[in-house]
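Across the two complexes that follow, chain A remains constant while its partner is chain B and subsequently chain C.
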Partner chain A sequence: MAKSSATKDAQALFHSLRSAYAATPTNLKIIDLYVVFAISTALIQVVYMALVGSFPFNSFLSGVLSCIGTAVLAVCLRIQVNKENKEFKDLPPERAFADFVLCNLVLHLVIMNFLG
Partner chain B sequence: MEKATDLFSLKSLKLKTKQQELLLRISILGLVYILAFITRLFSVLRYESMIHEFDPYFNYRTTLYLTQKGFYDFWNWFDSESWYPLGRIIGGTLYPGLMVTAAFIYWTLRFLRFAVHIREVCVLTAPFFASNTTLVAYFFGKELWDSGAGLVAAALIAICPGYISRSVAGSYDNEGVAIFALLLTFYLFVKAVKTGSLAWSLASAFGYFYMVSAWGGYVFIINLIPLYVLVLLVVGRYSMRLYVAYNCMYILGMLLAMQIRFVGFQHVQSGEHMAAMGVFFLMQVFYFLDWLKHLLNDQKLFQAFLRITLTCAISVGAIALGVGTASGYISPWTGRFYSLLDPTYAKDHIPIIASVSEHQPTAWSSFMFDFHILLILFPAGLYFCFKRLSDATIFIVMYGLTSMYFAGVMVRLILVATPAVCLISAIAVSATIKNLSQLVRTKAKPTQGGSGKGTTSTKASSKGALDHSLPYQRNGAIALLVGAFYLLTRYAIHCTWVTSEAYSSPSIVLAARGAHGNRVIFDDYREAYYWLRQNTPQDAKVMSWWDYGYQITAMGNRTVIVDNNTWNNTHIATVGRAMSSYEDEAYEIMRSLDVDYVLVVFGGVTGYSSDDINKFLWMVRIGGGVFPVIKEPDYLVNGEYRVDKGAAPKMLNCLMYKLSYYRFGELTTEYGQPPGYDRARGVEIGNKDIKLEYLEEAFTTSNWIVRIYKVKPPKNRW
Partner chain C sequence: MSRPLLSLLTFLFLSIICNAFSPENPTDRKVLVLLDDLSVKSSHSLYFQSLQSRGYDLDFKLADDPRVALQRYGQYLYDALILFSPTIESLGGSLNAAAILDFVDSGHDLILAADASASDLIREIATECGVDFDEDQAAMVIDHTSFAVSDTEGDHTLIAGDNFIQSDVILGKEKIKAPVLFKGIGHSVNPANSLVLKVLSASPAAYSANPKSKLSTPPTLTGSAIGLVSVVQARNNARILISGSLSMFSNRFFRSGVQKAGSTINHGRSGNEQFVTEISKWVFHERGHLKAVNVRHHKVGEADEPSIYRINDELEYSLEIYEWSGTSWEPYVADDVQVQFYMMSPYVLKTMSTDQKGIYYTSFKVPDVYGVFQFKVEYKKLGVTSLSLAKQIPVRPFRHNEYERFITAAFPYYGASFSMMGGFFIFSLVYLYHK
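Take a look at the complex of A and B:
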């Protein structure tokens, strides 16, 4: 009975989450999709590393960190663009996107150097 | 507007108050900038423009190599002239920030057609960066409190002896540039947390990269910032800006830091860097839960979800950390930093770290010497910070408290505490003086209680009563202002005196007062190194204690066996064993290392107390740590270290004793004392009749401070 109540809780949770999430604007949903894509790419790389070993380690690190880095930067962009956040209401979204692009540029330049 | 022009007699300028304030601020900052530079020039004016101490000679040699051969050769340099026969991978075992900075300044000046020598650039790099640190301190103070506090902070840090000690002209060492990078990184990060902008976080990541390239003390940054984030999360001051600032800085900073070969993969493998990673994961979980809570708007469901996720996340994290540490993948804290947490560790386990005088715990007198009134203003500043808590003041309080703890553990780390102490004291000074001058400037207001509205009447009448009840308020404030001015003047006098007397000696050139009060210069070190350079074959190998290794390779240009890098304890222990053994055993060791010359430093004639005989017990301890045949009690008599007639027989016949006191028994050093009187130890030496069988004396400098011996080739068999 505890198990069915737990599953009922999980189902109710899932439903309410789904309905609440449907209300978010489209541009934020696109960013969320990009974050999910980046994280899954990182997970695939980690699984591959577990299968074939971690040499050369710098290449593995640069691959995984580029995925995690761009995911984190996308989350930061989402925070800054989201209309509900009071702290960022006078930050124009173009400036937020420009910062995002600049940080990604630096991230990928460093990754290219580290890739070996 | 009228008052402004009244104050300024040059009516033609007619500056508004805001412009006046700007002019004042810029001129004060300019004067502080110049002051920070010129207060560090004492030794250049008294002696000459040369590099001081030991470590800077290595930095100078590598900078010279960089400017002559270019960056690619420098980055891939394998040096066979030190640590013979092992060699040293210099490109992969140094922090390149200082050398690249000096080389960059050199190339810029050359491009502008200034024909400078790289040595002048190296000597003046530290004062230049000290001036830049005062600018960063101004901006940081402005961020923390207001521009007045910024100006005071800049002025305090320009002359604070704790910082001057490692950044005088000639002290071409990593800390000169690293403190600038440290303060810059902290300022940029606090600015990023305040504005929540990705651009500022990127800038702080670059500041962190510069710090990592400059000094091994970057570990302090990568532990303080996660601790600060944790404290903010616990206290409840977290916000979206914190997430943006920390994550961007951590990921980009970590990636940039791993480009330095010496740091390598430590950010993901070393225990000292795990706090940052832990806080990174904690933040992801924390903010994800926060976002879900905001989405759900339902308490009960969220509580259930929270329980599941938290238990999963914490268990996964704990298992990962446990497995990593147990399997040895995550290396534990290294000796240098572990001895900060457990100060007794180094003395028992790692004698090399314990023997460095900079690593000893700090005495109260050192604190007073290096900080003076800032020590008293520091708690006052903490009080003001707590009165006006914000993200920025919480940071500076944490920086101040942690750095003061570490400064108490190790003398060298007073340097890291100096910017925090200066900033916090500046807040105290600025806030106090502002309050006092406001008291001085208020005119006694007539009681407005009667004419006001009903609600304000009681308040105004009580205020009027207050004005009347403290008639000497204004005089008291003026007296306190004069007292504050006096204190600050004494601080400036103390700092300049300390700089002049204690921190401006090049330590490679010694000075003393002669019998008639004239200044006598002992330039023996350079005399010896230049003798080596000009009178020995190109491929000669020199054995000496590791203190002098860098200087011998930089100035003598000869191969050494061990030097100040101390990366190989066994090699140093071999040299220590050779110095502590009898001459025949030592000869075997020296033959196995291909040693051609032996260099010892001897202070018996001049009374110089940092010579090899005084360091000898450390040689015994380090040698005995690896070779149990060397036992420290053999060299002591009843636990006492002696060199006179009552000394232990092993002491009187070991190689170090023989090389230091060879032919010394015939020399009269002081009027009224027998020949062979050692002025540094204050005794007559025990064994005056020394005969050397396997070595011969090659050179002794004019004041007997440095003595060089040639190792004889093996005798012919018949």
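Take a look at the complex of A and C:
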């Protein structure tokens, strides 16, 4: 049966991905969770805007961009602290985290200015 | 000179000045009448008497009198000119067609009557005013269907015209019942000139040709396109009356009875006197002369006029319009006065309400566009002086602190932003202290 074999393949693929992901270090998993949280918040706002209309458009933009910005910064952090990434092996993770904090402060400063 | 005499002279001089045409008192006072010969003064005396009885100071002069002058030391001596000299080839003194047109251009009024023998000078003045008399020097208006019945058969050049313009302002409220007798030349109005109006047109069966010769070629002017009497109101509100018939103003036509061909009604008196009197009232600004005063605008709930408005302000606009009745300013009543809020094109166009006492008012919301706007009133109506008011006013956008804060619809966005900040804080703690 073609259909059941496809389902089986998908299950096998899903299992292999899950077992591969289980090997990921915990700090990266925490970052992943954080990224998922930010993206889903952004999606909720887009759906809300589609329902209510774009009236305080600056508020909408700052709300969504704060989520997107956070997600982007978190992904950047994830790239820099990943041990398997040879490109950043000279960069200490403390330095990467300090960069992340600084960028976040700037981002939220801008967002606060644009929100009202 | 002794002092009392001097002050008396000053007083007389001032009273003369005060009687002249002025924006406050727009009716003409001093009128120069130019005649071909002084017999017209008696043959048209009924018309002149009707003017004098309404307070006009008529100054009769022969048109070729070398002392005739419209102005002295740059001041016009007269408020209006009646040109009852159809045959004159060149005017006396320094007067010529250009001087008469300058007189009109400076806001003075003109009544011009031509005749079958109209000279080139008279035709030139009429042409400059947008009225082209038939170029054939011998042509007259002939009408075989609506001529005035007389004892002799005649050549049907005495026309009983009743094709009037529909305007109470120009012809008065009272309807002209009897037809107007007309014997003279026809004209066409220049289609490029929007200021000239035919007040009395010929009937559809009329044509303009030489009555003494046989009609060999089709006449150039035919039907109701022929104007018999036309008026012009210039942009400076100078008014001009041009008639193709001088005898229309004569005592003989005033007193004559009239029976239109094909009609059984025999009017004891022609409509000439009423027609000519009413239209002279209009030409001399006894009717249909408007002024607008007290133009005001302010925000709703305030009294002072601001120097600038903000977008979406509610404002009130009002003005007062009065009509000169010949002796005093009376409230002008109409329901079609509109105001525009204008920047390149009208953003708001509103018909104003009136309290029937001359005050027109309206209120509207400033559009959501900033820039330099104008309040514009462009009132152009048949017969009345045109009103053209414009007042400039800038409109600014919201100031930064005038925007709405804490909008309910935006709460989810605020929440998301703050949850992102909280999320960042918690994430930092978890990330730094895990294990």
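To be clear about the criterion, the second predicted complex is superposed on the first by the 114 of 116 C-alpha atoms of A that agree within 3 Å, B and C clash if a C-alpha of one lies under 4 Å from a C-alpha of the other, contacts with A are read in each partner's own complex, and residues count from 1 in each chain.
The working rule: a contact is a pair of C-beta atoms (placed from the backbone, for glycine too) under 8 Å apart; a residue touches a chain by one contact, two chains touch by 3 or more.
The shown structure was predicted, so the numbers you read here are calculated from the model rather than taken from an experiment.
S.K.: Pick one for A:Tyr21: touches chain B only (first), chain C only (second), both, or neither.
M.R.: A:Tyr21: touches chain B, not chain C.
S.K.: Which partner chains sit in contact with A:Ser59 here, chain B, chain C, both or neither? Use first/second/both/neither.
M.R.: It touches chain C, and chain B stays clear.
S.K.: Would you sort A:Ile111 into first (chain B), second (chain C), both or neither based on which partner it touches?
M.R.: both
S.K.: Is A:Ala12 contacted by the first partner chain B, the second partner chain C, both or neither?
M.R.: After superposition on chain A, A:Ala12 lies in contact with chain B alone.
S.K.: Please indicate which partner A:Tyr34 is in contact with in the superposed arrangement: first for chain B, second for chain C, both, or neither.
M.R.: In the superposition, A:Tyr34 contacts chain C only.
S.K.: Classify the contacts of A:Gln80 with the two partner chains as first (chain B alone), second (chain C alone), both, or neither.
M.R.: Once the two structures are laid over each other on A, A:Gln80 reaches chain B alone.
S.K.: Using the superposition on A, tell me which residues of chain A are in contact with chain B and, in the other complex, with chain C.
M.R.: Shared contact residues on chain A (touching chain B in one complex, chain C in the other): 62, 111.
S.K.: Any idea which chain A residues touch chain B in the complex?
M.R.: Per the stated touch rule, the residues are 9, 12-13, 16-17, 20-21, 57-58, 61-62, 65, 68-69, 72-73, 75-77, 79-80, 85, 87-88, 91, 96, 99-100, 102-103, 106-107, 110-111, 113-114.
S.K.: Which positions of chain B touch chain A when the two form their complex?
M.R.: Listed in rising order, the residues are 196-199, 201-202, 205, 239-241, 243-244, 247-248, 251-252, 254-256, 258-259, 265, 268, 292, 295-298, 301, 304-305.
S.K.: Of all residues in chain C, which touch chain A in the complex?
M.R.: Where chain C meets chain A, its residues are 403, 405, 407, 409-410, 412-414, 416-417, 419-421, 423-424, 427-428, 430-432, 434-435.
S.K.: Give every residue of chain A touching chain C within the complex, in rising order.
M.R.: Of all residues in chain A, those touching chain C are 26-27, 30-31, 34, 37-38, 41-42, 44-45, 48, 52-53, 55-56, 59-60, 62-64, 66-67, 70, 74, 97, 101, 104, 108, 111-112, 115-116.
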